[in-house]
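Alright, structures below, take your time with them.
In the two assemblies presented below, subunit A is common to both, partnered first by subunit B and then by subunit C.
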Partner chain A sequence: MKGRGKIWAWFFIILGILYFFLPLIATFLFSLRAKLGVLSFQAYANVFNDPKFIRSFTASLLWATLTILVGIMLFVPTAYWVRLKVPKARTAVEFITLIPFVVPAIVYVFGLVRTYSQPPLLIVDSPVLLIAAYTILSMPYMYRAVDIGLRSIDVRTLTEAAQSLGAGWGTILFRVIIPNIRVSILNGAFLSFAIVMGEYILAQYLVKPAFAPYMAGLMQNKAYEPAALAVISFALTWACMGIIQVVGRGQQGQIAGGH
Partner chain B sequence: MTVLDAVKRDALTARPAPSKRSWAWLGVMPFFLFTFLFLLYPASTIVIRSFQNSTTGAFTLQNILTLFKNPYILGAYKISIQISLITSVGGAIFGFLLAYAAIRGGLPVFMRVSLLTFCGVASNFAGVPLAFAFIALLSPTGMLIGWMRAFGYNPYFHGFTLYTFWGLSLVYMYFQFPLMVLIIAPAIDGMRREWLEASQNLGATTAQYWRHVAFPILLPSLLGTTILLFGNAFGAFATAQALTGGQINLVTIVIGSQLRGDVLGDQGLGYALALGMVVVMALAIAGYTLLQRRTERWLR
Partner chain C sequence: MAFLEINDVSKIFGQAVAVNNFNLQVDKGELVSFLGPSGCGKTTTLRMVAGFEVPTTGRIVINGEDITYKPPNQRDVGMVFQAYALFPNMNVAGNIGFGLKIAKKPRKEIDQRVKELLTIIHMDEYGDRYPYQLSGGQQQRVALARALALSPQVLLLDEPLSALDAKIRVSLRAEIRSIQRQLGITAIYVTHDQEEALSLSDRVVVMNGGNMEQVGSPFEIYNFPKTEFVAQFVGLLNSTKAEVVDPASNRLKLDGQQVQTAESLGEYHAGDQVVVAIRPERLSFTTEGVKPNVLDCTIENITFLGAIVRITVKVGQYNLFMDTFNNPFLELPKIGDRAQITCSREAVLVVK
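Right after this comes the complex of A and B.
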């Protein structure tokens, strides 16, 4: 009985492993074939020497950093304040943070472009709109991460203790609350980072340089370089998730909707 | 105009709230303002414009009605629903078997940990790089096709192509089943040994245990997650766009082309199409939430 159970278990696990790794192995091997007849890292060298790669990659890095900063500035005080002062707003706030799950990215960008490309609201070309959109896209993860962090500390006691020592709201937030939930914030930050670095739709339709649209463009006319980029992209996702695992130890992070 | 009227009426009837409360509410105003500007307002634009004549601005149901008449759009919904159905059911079955194998299959413990980690990564590995990974594997010159050709079998001579429905379904499975594993793992963890032992003590066979105990308890969770996977596939865009170059007629692809240029030749219809998408997603998420709650009763 037990032995039979093990065999079917191994069967599905091996099937899963094959399905999971074969595409990655194929991509990696393909990326090594840029030079005829020998395996080489030529495709990677080509990618790193392409000024457009540097430009789109640093652009994505910049978008990700700004998104994380805006997210922290917006969601930490909000989640803190909701817990401390306005628990009545909780349902409304949580409902709003989950809306991005219901509105697929392509529909969201459709609404954004149509709304903000007509005068009086002509900001469709501004990077501000892109950052705001990324912040919205990562909101379900960032807000939830922060909220979980706040749940694990005694917000009220910490606040009152800080207040009785004469701290103002800024001091309380930046020197008491944020340091106490830094693990959760980091968790949300890396999830946001992974989302923004891999995000294709917003950057494509708001016409901003970014990593994923660059890669999609390269797929049209190159063979080996996109393979190298796919490997880099996978390594990046892997690194983000790995860091979350290490930092959050067990808190499961997952993204949906970047597809 | 009715919205404006309502705002005016509210402004007239509004009374200053007790001062303490109004200050507290100010603290969450940045959040509401931000989400209003960049989420609620653009989203509500889609809803409002769906019910407006795109030239006159008058209220109309025409856009919604046309959705159900336009063969191009009906075709897009059909393909989107088919691919979501197949990959959600397929992903749910395979994901469940995989999770159950890793958790209860008597495998080494590290299997479970690595499976969950891999699934965390794989469910995030989507879009352009995923499309490319499958091109490297299953395109006519891909690695696996090369191996199969070496054995004298070329699937491309037998009706297989990566760039159409079944190929895309296979690619979608890559982010579908890991999501299933991640969501269903806690439910499998929650299945108590006592249930199996109690059933066995009462003389139940393994089949009877599954038929009468385990399956009914897991059913809401399985159904709920399947619905969530359905929504996950239904809203997917980048993977299909990158893989097929927009050649496959999915709802998301049509919305994408409508955004690039008015391919439907009707702005209002484009909004209605986007609204239809949101309605399907909302139903999926609501179904998931409801069913998930029912399972949690058992798995405390």
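Right after this comes the complex of A and C.
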């Protein structure tokens, strides 16, 4: 009975792996067939040599970096304050952070365009609106990652210990709290990075250069290059996850016996 | 004038009175313990001194300065927490030097002070270790050194030993007391462990339900409890009801048998019901016959506790404990034997 269960477990694991990896392998193999009759990285070369790729990719990198910075500045102090001063509000705040999961991006973007394309806040053309929108979109990931980090430390006692040693709020946040939830912030940052790099609707409808709309445009008139781009974006996401793992390993031990 | 004054301090959370009209004067270099069960208000009072809670009424003065509404980071008060609260991202030296860095002391001075404190806590070689590499006792010693680094005016210790095992607790409390004496620092120590409070303190404040029950030296608190709560909470105690027979000669009746106290019963009348308390170690066997403070009893139980043998005797309807030092040649009675026990008049306490 036990052996049979094990066989089924393996069956489903292999099925899962095949389901996930087969399309990826197929896409990768397809992306190598840009030259007739030989396997080559021609499609990748074409992508990297395309100035539009560089432009859209660097634009998305910039949007992602700014989104992460704004997200950290907004959500770290908020999550810290809620946990320290208004723990009763946690459920309500958590609900608010989940709203981007419920509201479809297309509805969200139309709301933004309608609201900010008329006075008094005529900022529909400004990258500020795009960054603000991305920040909201990445809020569930960033806020929850930070909140999980705060849950792993004794926020109240560490704060009080620092206060009794003469520290003000800024010192407490930057020298005591943030260093101890560094891994969680990085988790949130990389997840936000992956979200922004792959986001299509906001950039498309707010008419800003970005990686996903470029990829979508390419798919309309090319065959192999979009496949190469899909593999590149997968590699990018995996690199982010890998970095989270590597950085996370370093701090685990430090927190384990911390209190 | 006292170094630390807590004057008429109360704290009310919503409808609940956590601390009620707390008054205490602490001299410089004195160690005062707040002792009481959970929820008695001892930690809330300490947190008000630390600045983490604001009193609803009253004021707190340290060295002549009213600090009632000062933020915690400007009070010059060091605190040691039950959960150690060492900063996990800093090593031992970093933790100890944290307050000095905040105070913008020169690098050389910080290093020197950290070294000094590591020597005081006997952890010279541990400066580079991280909190997760230390045992609970070591972490608490580092927390103590960290709190002392800035030479605060008052040191507050919030049940610092309760997370440690019994053996380390005993050795560390002696170490805390020795360091406190060595530095001459004024300290308040919160604990629910009566042995800890009695062994460490110059004075003990016993608290119950937000009220101060009694303030006194450990000797006074143990030997002369003023209230039934103190008598019950501090040490093991025989507490029974008795009837005042003759207030002029301080005579009472304990379930029909005569008892005399050294305390004046002037405020009572014959027939009044009072609570009488006798410590188990004040009772002993006797063969003196019928006279006050000689009680007929039956042996109910005998418990061997190592250095002490605890004998339970039944006097009328009351069970009383009697402690006697263990002695290999001691002739112990048997369960069910009839016997007589006695105690001095001074051992019979009438508590409110």
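Here is the rule we use: the second predicted complex is superposed on the first by the 222 of 259 C-alpha atoms of A that agree within 3 Å, B and C clash if a C-alpha of one lies under 4 Å from a C-alpha of the other, contacts with A are read in each partner's own complex, and residues count from 1 in each chain.
Keep in mind that, in the parts below, a contact is a pair of C-beta atoms (placed from the backbone, for glycine too) under 8 Å apart; a residue touches a chain by one contact, two chains touch by 3 or more.
Remember, predicted model here, so these are calculated numbers, not experimental data.
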item: First, second, both or neither for A:19, with subunit B first and subunit C second; value: first
item: Contacts of A:163 with subunit B and subunit C, given as first, second, both or neither; value: second
item: First (subunit B), second (subunit C), both or neither touched by A:174; value: neither
item: Residue contacts with subunit A in the superposition, subunit B compared against subunit C; value: B
item: Subunit B versus subunit C as contact partner of A:48, first or second or both or neither; value: neither
item: Partner chain(s) touched by A:153 [first = subunit B, second = subunit C, both, neither]; value: second
item: Contact residues of subunit A, present in both the subunit B and the subunit C interface; value: 253-259
item: Residue ranges of subunit A touching subunit C (in the complex, touch as defined); value: 153-154, 157-158, 160-168, 171, 175-176, 179-180, 182, 253-259
item: Residue numbers on subunit C that touch subunit A, as the complex places them; value: 50-52, 71-75, 77-79, 81, 83-89, 98-99, 102-103, 130-134, 143, 146-147, 149-150, 156
item: Complex contacts: residues of subunit A adjacent to subunit B; value: 2, 5-6, 8-13, 15-16, 19-20, 22-27, 29-30, 74-75, 77-78, 81-82, 85-86, 89, 93, 96, 98-116, 129, 132-133, 135-136, 139, 194, 198-201, 205, 212, 215-216, 219, 226-227, 229-230, 233-234, 237-238, 240-242, 244-245, 252-259
item: Residues of subunit B that touch subunit A when the two form their complex; value: 24-25, 27-28, 30-32, 34-35, 37-43, 45-46, 49, 94, 97-98, 101-102, 105-107, 111, 115-134, 136-137, 142-144, 172-175, 177, 179, 182, 232-239, 241-242, 252, 255-256, 258-259, 270-271, 274, 277-278, 281-282, 285
